[in-house]
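Note that chain A is present in both complexes that follow, paired respectively with chain B and with chain C.
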Partner chain A sequence: MFNIRKRRVVAAAAALTASAALVLTGCSGGGSEAAAEYDPDEKVTLNLAFWGNDVRAAMYEEAIAAFNEEYPNITVNSSFLNFPEFWEKRQTEAAGGGLPDVMQFDYSYLRQYSENGLLLDLSPYLGDIIDTEPLSENILDIGVVGDETTGIPTSTNAWGLYTNPKLLDQLGVEEFEGGDWADYDAWMKEITDAAAAQGVTIWGGTDYTGRIQNFELQQRAKGEDLFTEDGEPNFTEEDLAEFWESGSGIREEGTVIDQQRLEEIYPLSAFDSALTASELTWDNFGAGYLGNLGEGYTELGLVAPPVTEEGAKDLYLKPSMLHSISAKTDHPEAAATLVNFLVNSPEAGAAFGTNRGIPASETMLEGAELDPLGEQIREYEESISDRLGDAPPVPIVGYGSLEEKFRLIGQELAYGTLTVDEAVDQFFGELDVVLNE
Partner chain B sequence: MGCPGPGALFSQGPENHVSTETQSIVTAEAESKSVRQAMRQLRRSEYGKVPTTEGKRSQNRRETVAGYGFLLPWMLGFLGLTVGPMIFSLYLAFTKYNLFTAPEWIGLDNFVRMFTEDPQFMQSVQITLVYVLVGTPIKLAAALAVAMLLNYRNKGSGFFRSSFYAPSLIGASVSVAIVWRAMFSTDGPVDSSLSLFGIELGGWVGNVDLVIPMMILLAVWQFGAPMVIFLAGLKQIPQELYEAAEVDGAGPVRKFRSVTIPMLSSVIFFNLLLETINAFQVFASAFIISNGSGGPAGMTNFYTVYLYKRGFADGQMGYAAAMAWVLVIVVAIIAFILFKTQKSWVHYAGENR
Partner chain C sequence: MSTIEVPRAEFLEVATEPRPPRRRRVKRKTVNTIIWFVVLFAITAVILYPLVWLVFSTFKPSSEFGQNPGLIPDNPTVDNYVKVLEGIGGTPLWRFFANSLFIALMAVIGTLFSSALAAYAFARIKFKGAGVLFAAMIGTLLLPFHVIIIPQYIIFNRLELVDTYWPLILPKFLATEAFFVFLIVQFIRNIPRDMDEAARIDGAGHLRIFFSIILPLIKPALITSAIFTFIWTWNDFLGPLLYVNSPEQYPLPIALRLYNDATSTSDYGATVAVSFLALLPILIFFIVFQRFLVDGVATQGLKG
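Coming up: the complex of A and B.
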């Protein structure tokens, strides 16, 4: 309790100095224009919901403090949850008509909420309260469903391979040099073996076949997205069986951390807990990892994921998150003002750095003093440019559930309570249900 | 969702048996009889004051109105918060409803899917049955054993009664589930203490085979409520019966079998029914211990947890409603069977059978 409070005070102080400095240098973001539009005397309260951990929560506190410098009349009540719980809560709120005014939004749920008229069409505010100058056209297009803009991307991210240099050092293993999936398996095995030889409990990584993104990556290497433009599945049972089968080696040999251990440390991941030396994930997770790893860890390695097919454009830039407004908000202008601030302002950039991914807006990017990690992520996204292809179509309704189902089936495979064939059956059964909903 | 609390379901059964029985736990049968007689006399003398039938009728009406008046707040709650949602969920059980769009009638599809196309449902049913069928008897046995110990001596029994009851007060809370999770982790207190005896089980939380035993232990640990009821029942057994048995040369085992069990059978029945229904509805502890995932490998994916996940995480409200009704029916059947069989083994004091 005390720690959190102290951190908040420090964060608030940092926000104050940061915003004071920005005002002094005459660099006050896109918000000033909106301020004229908006009645500054009206006192309003907005609810803001996001997913994340306490590291991100402190950043939001900082951003909101900076926001209140400019708009003291808008009180922002924020709340946060883990990703799965966040969506459970939104779902019930959606049915009851009580969504928060402003939400951090995920690409995989955007279609579902937009098509059901739950999100405010932001078109009237674009170029007005919400400054579109610093956002590129294709960034804005990401948040368009049908002919409405229902979300503004805050930032982009890409799939990457995080490694833990300190652990690698300790074990005397070199950084992953790149290569195909077999090379990655071998490299993980080297780490696990080295750790076993030293008598420490460290593994090379986690079972990557438990995550749908790695399957997507391998499918895209063949030139196929998971779903077509029309929302039809674009992979066969054989594709999926082959993918899950490919992980059986690392599971059975104990190259990857065992599922039992993962279960015990949840909601932290193995990489958060310094139990594994590598993790395939979105590149904006770095700040969270460093936060959870704690004081002893100051840097992370970030390299490209294993190659499935040489020369394939398997990676893509994804909006790591968007900001959306509830269609039923009482204060659309105030909410749009907050969204503009969170998406465009240099202050928000200063607060978040790369926690939400590389800022999509130029003004926010300018404000973001990229720490070494942020700089590293930016360089990483440049380095993979020849592997970056077109983003897949806006995910189908229910993609979020499928992603979670994939994760749970991956766990069962790791426990050995499902065979690959049963797992494939279950996933396609689930897919049927989702497509029919 | 559509599952009634144990109380609601209970009232559908032949409640007379049970309510008189609970009374007899609290007050001796003889006493309650005399009270009833006194009440009857009182009522008779009251009516006696009213000379005409006309007045009597209006008094009756007034009493009825007053009765319903007092009932009204409860009736409103019952109709608005229990019956209404239950009827609506019965309708939803035959629809496809994703919370976002209007429900769409699909007939029996939800039930067909449940029993033929959903391996997760089958697994969920299986582990829930294990939890109920293994957990409930152990819990009742533990409750009875401790109640008998507490009944043995009076000295300090108040203190022990409270401390044994305490876990059931806090058992359902979030903090206890979290503590439980920590206790059964690798190198946690349970793992370490077992290691002392050379039993190397590792953590229980992430172990597919040990997580149900762990959940059962958590339930057993909360035996306070049935224990208190057993204790009250034990105190009702007349000492003369034991004395008579002793005179006839019965040992402790014989006394337990031939005096305690028959005299306590009605209380055992009551506890068995209530605890079985409760066990079917296990949710909070499993949800928290598995972080809402029902893991590891679906082994804490108990019926209600799965129902919740289908309804709220996957947005399949129609399917969830159908699951809720299947649970209601199963629990009702079990309650019905228990009521039917009680004739052969439950002995009510004061009845000549």
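Coming up: the complex of A and C.
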């Protein structure tokens, strides 16, 4: 599911760069003057765009209906697409000057769109139309690019370790009790071995060195984000080589699922298909896993990822999505009113539940009825509070394609078609391209 | 291997035994035919397998994808169809079919009308700059669509035609499909000029010649163009993605991806079910028109 998304992103990024100049000439005056209030009698039509499936579309419909009870004069035309198509369309609109007034936004695109002046600076509306009381400072900081606030997080998620209780039970292996990466490797091996003994094809997990987030986690344990505030890389070739080297054991011993099997079940993941008993991923993936695992699964295990360095603040809360407003909107006040409703209102909480992640705003969280999984994720995020540090700087432009490159190199390592040294060379080559674009 | 050896053994028998060889030869022919059919059938099965898999998968519950990559569902169900027929996000399924059909039919009408007229002008009328214009038209064939996306979007955005079907249909009425113009030009060039010269002597103008003489003669080319336009438009994804905003206006290719969300749950069962349904009209269309399609393509290669 990721490679389609990223390939298109690369193509579209070129288009966006080419057109950034066009757009910049169009908008110079931001929101520097004092913010006006939305006049409730004014008839306004807003376009709202989000990504998601039919289920989420029904939730937005409910939220908008509640919004219209309060603001009957704002007509909201909503439109939704799947994630990759959503961004393909936005890239073209950004170039052509037709972005929707209010958008559901993704963290990885925030810097690119903000630096091109495509998003409205929300600072004048903060604490005014947009209520900041229920949002904590570090959550608001997530949507700040340069000195402008261009996005308000709707919800947060954190990196976690999902486990499959049914498989563990079947194999007679205890839940992962925490520990360092070596402990995690040993625990995975225990599962793979137990499965082999029973004659079933189940693995302990997936090769975690294929995901850049795990590298980030280990780097943050040393006190270093992947990129500095200015978007410079903050890791060396040795760091990366060491990280990939650390996964060679589990790959060669067959502790983790082999790449060929992963290709067979694509676009589902190994964890989706009950072929592995654990997966390191964002904690908001739980509902998707439960859905894809199907009947017979009502719960999942969710525990903290392995520890690299005792006491380090390696984890952080990432916005699962944000709401942003187009810089070219004709009705900034009305748009801000809608954003405030979608981010803060208990009615929106009631409509969405945990579909967009655990609500970031206290008032929205109050309105949300958490299902058992949602409650579990909320408790998980509380339980890791000791390990939660400041969020890293907003991802650099092109971070998406780096993340994808990292994943592809991980695959090649798993196939054994690349040595670690070649892999490091390739990644730094890609890094050069992205940084010098 | 053993299947190949069978006729050989018989052939040897024929050679050694003094029986009337005629019946034997017939039998050998049948065996050969059977072998051919088996081989062809095997190849066809391999090629058709993905389609057959799609059809069978529409009866798999969503959770079975990934766990059961095989052909036969473990727990067959019609739930996927029930869900799909309920529509997506409040829009009934037939609406997406109707949208697709409307766009495709308008595109066919527009392309045939405008391409035939443009082709006639290029092939039969001598006017200033004809060569340059023809080269420019061929040049647009070489332009990748991605180059023109943004300028085109800006134009339609300024005209405030975004979120209507105009950006998808209007260009078809302006002979922008250079491929079909070129195809028809070549076709008309192969038609002897004698006939339109005879008509000219009888006093017919260009319009009369076009409608009474050329148009009936280029029917195979028109049918080819119509079929391709229909199929391409029916399957077009990027155009509607960029220009259509309202979910109730989406054509099928976009609608059938709405069951998937890379960031949360994806309903694969519903996706394959709706994909299969979306395939049916074009399959029927192709079966009905394939005879014309082959005719049309075949006559392209012949001298008029």
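Operating definition for what follows: the second predicted complex is superposed on the first by the 293 of 437 C-alpha atoms of A that agree within 3 Å, B and C clash if a C-alpha of one lies under 4 Å from a C-alpha of the other, contacts with A are read in each partner's own complex, and residues count from 1 in each chain.
FYI, a residue touches a chain if its C-beta (ideal position, glycine included) is under 8 Å from a C-beta of that chain, and two chains touch if they have at least 3 such contacts.
If you're wondering where the values come from, they're calculated on a predicted model, not measured in any experiment.
Once the two complexes are laid over each other on the shared chain, residue contacts for A:Q112 go to chain B alone; chain C is not touched. Set against each other, chain B and chain C touch different numbers of residues in chain A, with C touching more.
By the document's definition of touching, of the two partners only chain B reaches A:V433; chain C does not. Of the two partner chains, neither chain B nor chain C is touched by A:E69.
Judged by the touch definition given at the top, the superposed model places A:Q260 against chain B, while chain C stays out of reach.
Within the superposed three-chain model, A:E85 lies in touch with chain B and with chain C [touch as defined at top]. Of the two partner chains, chain B is the only one that A:Y415 touches; chain C does not reach it. In the overlay built on the shared chain, the residue A:A95 is in contact with chain B and with chain C. In the superposition on chain A, A:D371 contacts neither chain B nor chain C.
Common to the chain B and chain C contact sets on chain A are residues 84-85, 88, 92, 95, 264, 267. On the chain C side of its complex with chain A, the touching residues are 61-67, 69, 88-90, 146, 149-150, 153-154, 157, 162, 238, 241-242, 245-247, 254, 257-268.
Those residues of chain A lying in contact with chain C across their complex are 1-2, 5, 11, 15, 18-19, 47, 49, 51-58, 61, 77-85, 88-89, 92-93, 95-98, 100, 264-265, 267-268, 272-274, 284, 287-288, 291-295, 320, 355.
Within the complex formed with chain B, the residues of chain A that make contact are 84-85, 87-88, 91-92, 94-95, 112, 116, 118, 259-264, 266-267, 398, 401, 404, 408, 411-412, 415, 417-418, 422, 425-426, 429, 433, 436-437. By the touch rule above, chain B contacts chain A in their complex via residues 96, 98-101, 113, 117-120, 185-186, 202-203, 205-208, 291-298, 312-316.
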